[in-house]
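Below are two complexes that have subunit A in common, paired first with subunit B and then with subunit C.
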Partner chain A sequence: MNRSMANRFTPYMFMAPAAVIMAIALLYPLGYMVWGSFRDWNPSQTIGEAEFVGLKNYITLWNDPNFRESLGVTLRFAFFVVTFEMIIGVGLALLLDREIRGMSVLRTMFILPMMIAPVVVGLMWRYMYHPTVGTFNRFLDSWGLPKVDWLGQYALGSVIIADIWQWTPFIFILSLAALQSLPRSALEAARIDGATGWQQIIHIKLPLMMPVLIVTGLLRLIDAFKVLEVILVMTEGGPGLSTEILALRISRTATEFRELGVAAAMSNYLLMLLLLLTVAMFAFTRWQESRAARIRAAVEEDA
Partner chain B sequence: MPTIHLDNLIKRYGDLQVLHGVDLQMEDNEFTVLVGPSGCGKSTTLRMIAGLEDVSEGEIYVDGKPVSHLEPKDRDLAMVFQDYALYPHMNVAQNISFALRLAKRPKAEIDKKVREVADMVGLTEFQARKPGALSGGQRQRVAMARALAKDSSMFLFDEPLSNLDAKLRGQMRAELALMSQRVQKNMIYVTHDQIEAMTLADRIVVMHGGYIQQQGTPKELFQKPVNKFVAGFLGMPPMNFLEGDIEDTGAGTFIKGDGFALRLQGERAATAKAHKNKQVTLGIRPSDLNFDADASAEDALSLDVMVSEYVGAQSVLLCRCGPAKVMVEVNSETPVALGQTLTFAVNPNGVHLFDRQTEAAL
Partner chain C sequence: MATSPNRQHPAFYALITLLVVMSVGPVLLMFVNSFKLDVDIISGATGMIFLPTIQNYETALCDVLWYEPEHIDFCSLKFGGAFINSLIIALVSTVLTLVIGCMAAYALVRFRFMGRDTVSLTTLMVRMVPPAVLLVPVFGLWNNEFCLDRDGLIGGLIRDTFGGRRDVCLAGTHSGIILIYVAMNLPFVIWILQSFIVQVPRSLEEAARVDGAGPFQVFFLVVLPLIKPGLAAAAIFTFRIAWNEYLLASALSDRNTKTVPILIVNNMSEFNVEWGVIMATGMLLAIPPIIFTLFASRQIITGMTAGAVKG
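Let's look at the complex of A and B:
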């Protein structure tokens, strides 16, 4: 092999181990799942023994009110969680973007929830939501207020609150980073131009942060669709189907109902949803880059 | 347009004091330039006037009213920043009209004003572009137009030309001078470039180390610097400094140093006589040395030419006088060969004397 050929192949050689691992750990199971979703497949059978049923699993699911309910719960959960996390996270970042003594300690404390393992978060909140010995109800009780049936009547709201607690910091640190990279002098110019604090936020800060906020929001949305552990630990999807998000329903379909084909089909629906969001995110960043490139080209043309 | 008065302005960052009591009076329609090296406190002073920095002590008066407690927006001023500080997400017209839109002026009036100032700075056809799609010079114009649109009574400039290349800088400097004649406002301009200071200013304020060194018209400062710092800072190439002692003999009053003995004349001789025992520094601008082979030794310096820098019509000679280096500005036609020792007559009115300890002018 001559030198130039060796040079050409070197990058692929370095990439090969990662490619092999990805093929085994990602593409193979994915293909297996797609393949399985076309079969009526029981855990006691091998995939070869399972009967091929075409799109039956997908059609059944589409007409299954329980699946639709679960999809609805997932969408509602994701919508509320991301909306509130964005508002609170960005709001906190705007508030804490200043030099005050002890601010670095405060910032670190704000991002702690994100670092706790989801199972632990679930356990913690389940305990706090406990109807009789939970922190919240004991607190309400001590003020003479009626107790709230957190994980019963208001289960979805309660898990949403727990998720907001855990993931707002993610939005917070990214917004704070975006805020601190804004051009200081543009903000000073706005102050001289007569902008009040609110006007600076609305006319200067938020528009300039928007690219970061959009990507952050999409990332959180993708994550919110996949959430499992916290809800599994807190409510196991109950009461009824009120908190049964898709990931939970998939795992129950596979383990309790023993319908691997249906579970696989459901996973594929979720995958398509996530793929859509991911593509949207990439499309957005690509659009931004191409716009920046166009602007640069225009400047060079003028010069 | 208002008069601006800074009264004993002090700025501290924690324990570090960077401005040690700045007193300054700026009159109607005056173009004031604060000039000095980096870290001299000129930008801090400007930012305090703008309200972007708190005043630690002292007060700023505009038309006799204290303003240091006011927000920047309530001080009736416009500012042009070094990095232009344009709003990247707004197009040129929106950038220019931002202050007017915040002030909720009628739309027709805003449109008219934007057209007027865009026309004034030559940006009419770029109004729909965003700052990212403009060149450095065009961005500078947008910043200028944005400040003009506000119709404030004070204009602040924080090193507005230092991000431009040399050619554009010269061009913008001329436009700025033209604009300042046209708009008739109070202008306060910060720069580290003494050429900008000399060409633009009605009044130059030279700052160094958090103190005002001297203020006055460019001519006053150039001809009568109060100390060695001001003398060395203004003028290009800079003033030459030679160390010497005053000697009063029967033949006249001399400054004697390593490699030269220069006779002082008139007023300067009298001044020197009064400081007979002082160690002094002699200052002579490169333009006050004239090539003259026939000059008598006591009215001239004889210098060894080391390097000749050809600039065009003029050349700058870097010469040696004893241990010191001396620069001389000569006509490029002057026959000069490197390594020669030449005689340069000293313009008797171009001799400056400084106390070597205090560096103050004598």
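Let's look at the complex of A and C:
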């Protein structure tokens, strides 16, 4: 009796710490934020003292040209970053999918940029982009070329390059893993039928890799909306608003402008955007799995 | 594949060399510069030929050095303290996340507690939440709500022991930062460990149970040793986030609980950046992740692929 009681409560005992911590430190804060976004709230007040203003924060934001600019920057950043990283990462994976001695050493070096603190990545790139002492301009100078104002005129592009440097290896490693788990028989058959390298890539490898590629791309897209520290250290959002992505604007609204209500509303906009992406990704993987199951069932019926 | 390893095109090796230079180059550059004096960095004429100096590291670590470097009059950069804070926060939150996450993952897999769908959906949902979104509520809650009344029993006790005039709040303490890191990392850790626990054969656990082991014994003595690779991957990812995170730490910490990323950002935003010292601090912050990368790259790749491909 005692034993079976203990067994029945075991799962709850195992789950309890995780559930409690996530409820206190994740779900409650999120709910708190939604509640706070309807209030005119500044950091010196508790949320109870703040005045309820309904949807005012959301409407103000929607009509605020700075917010729109920042939203535009975020979308542009995410789009370019993911596009370039996918093209370069998948391209490299296709190129390097051969038996090379020391591939594991190579992979170790490629994951280095991802493991280093974003703050440090920002620091390195800020140094390299520096108008006078920076590596790039010094290089251009030594070849007699005109200097480029990396973090001024081309700030967004420069920030995108830094992110591509940091995260292309992620896509490279995942697509390489996908490539190496492709069914050998399909590739074999294609080669026997005389398909050229390009034809193999376009008609066989890419379509077979597609599920992994889409999930990877979506994951990267979601992460691209989270980037903050690298940009904060490199440009602090400037010059003007040219690199002020939403995450950065939220933190500035909260800490510099001291408008917690508006910052909360902005966080909610960002969250809704990401929610849409996540649901899309989840739906896609479910659909993929059910399709795979159907195919498997069909194969078994044939056999 | 078809081509043998020793018949690759030379351009192929050129490409690989280029890629390696590109990915490691900036880190090496920072490493080299951290041993240069600011004069050398700014003049730049000498290139690779310079007199290496550890002055920058001495400046950075001045508050924990046992001797007084002669080039410093006043130790303004409290890097040593920040480093210790970072270490405490990252280690404690990693251990806590692993223990709690492990138990939850085990319950989810073995006891069919909730549908796998629900779990993976929640995991994904939480994974998408950017730290910036948590900034506002965490700042508000940790400063105002998660406090012990200073006139209350426990709050009064803490106040009398540690001093301070205001209510005792989570903000500004190590535990406050640790709490949010554990919560942020839990979903991912549960997700990764789940995929490892599924592979543990059930018969092993049943054998242990027949021999009279209770559920906790089965878990700690049978399951845990079998999922070590998963634990390693999860530990590295948790440590990395807790070690590198800036935004939430900057909102929650005070003068005494500053972590290294905050220190670096604060020093970067000054008008006159001391490149040498900044690079030295950056290098010190980067050392633990670099060590992990060198010694556990396989686990990192496992974690990465498990998190993405099965996500």
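Brief remarks follow.
Everything that follows uses one rule, which is that the second predicted complex is superposed on the first by the 286 of 303 C-alpha atoms of A that agree within 3 Å, B and C clash if a C-alpha of one lies under 4 Å from a C-alpha of the other, contacts with A are read in each partner's own complex, and residues count from 1 in each chain.
Keep this in mind: contacts are C-beta pairs under 8 Å (C-beta built on N, C-alpha and C of every residue); 3 or more make two chains touch, one makes a residue touch a chain.
Because the structure is a prediction, the values reported are computed rather than measured.
Of the two partner chains, subunit C is the only one touched by A:L219; subunit B is not.
Shared-chain residue A:H203: touches subunit B; no touch with subunit C. Set against each other, subunit B and subunit C touch different numbers of residues in subunit A, with C touching more. Using the contact criterion defined above for the overlaid structures, shared-chain residue A:M272 touches neither subunit B nor subunit C, since it reaches no partner. By the document's definition of touching, of the two partners only subunit C reaches A:E99; subunit B does not. By the touch criterion stated above, A:A195 is placed in contact with subunit B alone, subunit C being left untouched. By the touch criterion defined above, A:R138 lies against subunit C but remains apart from subunit B after alignment on the C-alpha atoms of chain A. In the superposed model, A:A298 lies in contact with subunit B only, and not with subunit C. Overlap of the subunit B and subunit C contact sets on subunit A: residues 191. The part of subunit A that touches subunit C in the complex is made up of residues 6-7, 10-12, 14-15, 17-19, 21-22, 24-26, 28-30, 32-33, 36, 41, 43, 46-47, 92, 95-101, 104, 106-113, 115-120, 122-128, 132-133, 135, 138, 165, 169-170, 173-174, 177-178, 187, 191, 212, 215-216, 219, 222, 225-226, 228-229, 232-233, 236, 246-248, 250-251, 254-255, 260, 263-264, 267, 270-271, 274-275, 277-278, 281-282, 285-286. On the side of subunit C, the complex with subunit A involves touching residues 1-3, 5, 8, 12, 15-16, 19-20, 22-24, 26-27, 29-30, 33, 41-42, 44, 100-101, 103-104, 106-108, 110-111, 113, 117, 120-121, 124-141, 143-145, 179-180, 182-184, 186-187, 190, 214-215, 219, 240, 243-244, 246-247, 251, 261, 264-265, 268-269, 275, 278-279, 282, 285-286, 289-290, 292-294, 297-298, 300-301, 304-305, 308-309, 311. Those residues of subunit B that touch subunit A in the shared complex are 50-52, 71-73, 77-79, 81-89, 98-99, 102-103, 129-130, 132-135, 138, 146, 150. Residues of subunit A that touch subunit B in their complex: 183, 185-186, 188-196, 199, 203-204, 207-208, 292, 295-296, 298-299, 302-303.
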